[in-house]
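What follows is a pair of complexes built around subunit A, which joins subunit B in one and subunit C in the other.
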Partner chain A sequence: MITQDSVQESQNNKKAKQNIEQRKAIPNRYRFIYPEFLPDPDPKYRNLLREKLERMDMLARRTHVAIPEFYVGSVLAVTYSEPHAPGKVNKFVGICIERKGSGLRATCVLRNMVNNQGIEVIYELYDPAIQKIECLRLERRLDSHLRYLRDAPAEYSTFPFDMEPEYLLEGASVPVNEIKVQLNPRPWLEKWERQELKGITELQLPERRIRKAKAAATPWEKYDLMKKYRETIPEEDQNEIFNEVHTKLHEVEITRHRQKHKRAFVRPQKTG
Partner chain B sequence: MNQANVENLVNKLRYNVKPRRKFGNSDGPEGRLRKFQKTLTALIKYERLELNYRRADETRGYVDQLIFEAIRHGPEHKETMDLANFWILEKQLMHKLFKVLVPRYQNYTTSFTKLHKAPNIYPTIHYDRAILELRGNIYPSVEQYNQYEQNLLHNLLLNAAKKEFRMEKYKEIADNIKQ
Partner chain C sequence: MLSPFAMLNVASRNISTSTPASQIIKLSRLRVVDNSEIGKKAMMEGRPPRCIHVYNKIGVGYIGDRILVAIRGEKKKGILVGLKQQQAPKVPKFDTNNLVLIDDNGTPLGTRIQVPIPHILRTKMKEKTHSKGADYTKLIAIASRFV
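For the complex of A and B:
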């Protein structure tokens, strides 16, 4: 019995070591950079074969169009083909206010002001009409979405269309922009006071509205372990998925890195 | 279609997790959790319970996840302590979670709990009953094995066939040695 136990123990130790090695090979940041590679956690929509095929398609698409690392709060420039635009190509610059969807249906919402009017465009990241995605400013915000910019003054979501890309130092962590947005007075599109947002200044609310928000609060939700479990993909499954796509993603990352440092050739234009 | 929430990592549960069940409760989701608090505390205290199947299966996930969190972060982690404080109603059992259950389940590769179907009591209780227990407890096993299994007809025949096959093999080997 003792020998059996010790054998089992050593096996367990081996397994643990393997896990640690695996974790080292797959960077911890992958789940933040590529959240769309993780499937929808709702068991209603799970289909292992479809997920695998989708991942293959996503990787194939990524070898043609570089989809950079970006987060909610980053400023993106998307060049896409549009049949009605002059030159049949259009470019939109804006701040990413929301990331949604998983697999090939992953989307991001870009927001900017055009002619003093708030414009939002939903882009599907793996849309074949997209020709180029650039991250002009890589940063994060305090919240998981910035929909409240719709109810904020224009200055917070105005970005020039000829914005130059800002580069971060090699190996630097993604900066967090801790700006606090001052919202416009009511009426609002959503009940922002109920969303526990960190990126907005203190709201001026009537007594009644504060009371209602307090009644609708769900402070027990952070203890609901199974709710948390059911809205995420467990660590073991995440490792399995990223193990599968890791080598290909790494290759794509390296080629992109090389291309970034190569100086682009610009054909001189004749003048006069 | 939603995106998976990647903010906090969780361990995979080692049993077939059913979709979220609804329990009739006038206090809403808060009251629902209060039910599980009671069951979870009792399970940690007594290590084996008999209760309704639905409630047992739903509580099982909470127990496993709480132990996973305790293993992952330990008692020094503030959020884990907060979690344990919420879930365990009898505070002396907090020590049991971190000092007894965590060492016991550290190297487990199976679920920390076990769920057995139990007979319902005719004619008073119509609901499916279940026995929920923590693995590695001190009680005798719930599962009953048939002690006359070797005397079943097919097992007798199989054993005889095995014996015959073995004797034939021995004979063959003996013949080979002779030559």
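For the complex of A and C:
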């Protein structure tokens, strides 16, 4: 009995050690780079088996199409099969104003101005019609969404379709663009003054509207620990999920890295 | 001299008091995006056309639907070529509700569309065109850019 117990204990110890080691191997940045691997925290939508199957499908998709690291505020170019286009391929360039959904339903919204007309397109990241996703400018903004660009002048969301990708130095952290956007005068599409946005300049509002915003504010919610707990996936669960996908993701990262270096070589063109 | 109440009434004629609708229904204001004479004039004088009928069974206009508009005291037909409302993935959502004026045969009144047109409209217009009926594919031919 004693020997069995001690054997089990030593095994347990080993397991714990392994867990710690593995946790060290998983970079802390994964939850920012791959937020869609974390499921919806709402218990109504939790289903462990479905989540696991979805993660397998996501990894399988990622081996075929490189989905780069990007954040709200990054400029993306998406090439996708368009059955309605004459060449059956279409490309859209725009700033990511929103990133939503988890699992295979993860989406991003791209916004751009074409011929002075604001256009937004929703893309599902794991859509099989998508051929290529490029991050032309990797940066972050101060807010979790940039929907206020709809109420901002055109220059804040205008990006040329033939934009060249900007490369960051190896291992450099993602720069934060601290630009303050000057919104158009009212009427607006949403009540921006109630959203505690950091990326917009001081809003000119009538007294009444300020009063109403103050009445609707819920400043105590940031102290609500249970609310925060319900709205996020706990760290232990996150580690479990990333433990499962870490090796495959790392492999994909390395192959992509190699390809990137290959792509850097430009064959000289014949002239004359 | 008008009474203060009457003054308020006069002032309120210039502001819209209706709640914003997220879809094209009767009396929705639209933006003409082709270079037809009547459309340009209506947009310049700040009286954009109103939808007075949607030619489908549900009375709500979606992308590619044919509608009847009241423009400068006339009745004209038009095609919806871009909407503000939420769209399916990969279908562009526009910042304005765009309209291209056509005549009864489906021929556009203008010769050029100044804003981009969604690719999906190619298929939709082809589906709506029947032999011996109106030919809506001419609208695709005058588009300057697709997204």
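Note that the second predicted complex is superposed on the first by the 241 of 272 C-alpha atoms of A that agree within 3 Å, B and C clash if a C-alpha of one lies under 4 Å from a C-alpha of the other, contacts with A are read in each partner's own complex, and residues count from 1 in each chain.
By definition in this document, a contact is a pair of C-beta atoms (placed from the backbone, for glycine too) under 8 Å apart; a residue touches a chain by one contact, two chains touch by 3 or more.
No experiment lies behind these values; they were computed from the predicted model shown.
When both complexes are overlaid on subunit A, subunit B and subunit C end up sitting side by side without clashing.
Residue contacts after overlaying the shared chain place A:237 against subunit B, while subunit C stays out of touching range. Of the two partner chains placed around the shared chain by superposition, neither subunit B nor subunit C is touched by A:249.
Counted by residues of subunit A touched, the larger count belongs to B, out of subunit B and subunit C. When the two structures are aligned on the shared chain, A:82 is found in touch with subunit C, with no touch to subunit B. When both complexes are overlaid on chain A, the residue A:133 reaches neither subunit B nor subunit C.
In the overlay built on the shared chain, the residue A:108 is in contact with neither subunit B nor subunit C.
By the touch criterion defined above, A:120 lies against subunit C but remains apart from subunit B after alignment on the C-alpha atoms of chain A. Seen from the Cα centre of subunit A, subunit B and subunit C lie 120° apart once the structures are superposed, a value rounded to the nearest 10. Overlay on chain A (Cα): least separation between subunit B and subunit C is 16 Å. When the two complexes are superposed on chain A, none of the residues of subunit A touches both subunit B and subunit C. Interface residues of subunit C, counted against subunit A in their complex, comprise 82, 87-96, 98, 114-116, 119-123, 144-147. Listing the residues of subunit A that touch subunit C in their complex gives 80, 82-85, 90, 92, 107, 114-124, 127, 129, 150.
Taken in their complex, subunit B has these residues touching subunit A: 1-13, 17, 19-20, 29-30, 33, 58, 61-62, 65-66, 69, 83, 86-87, 107, 109. Listing the residues of subunit A that touch subunit B in their complex gives 9, 12, 31-32, 35-36, 38-43, 45, 99-103, 105-106, 144, 218, 220-221, 223-238.
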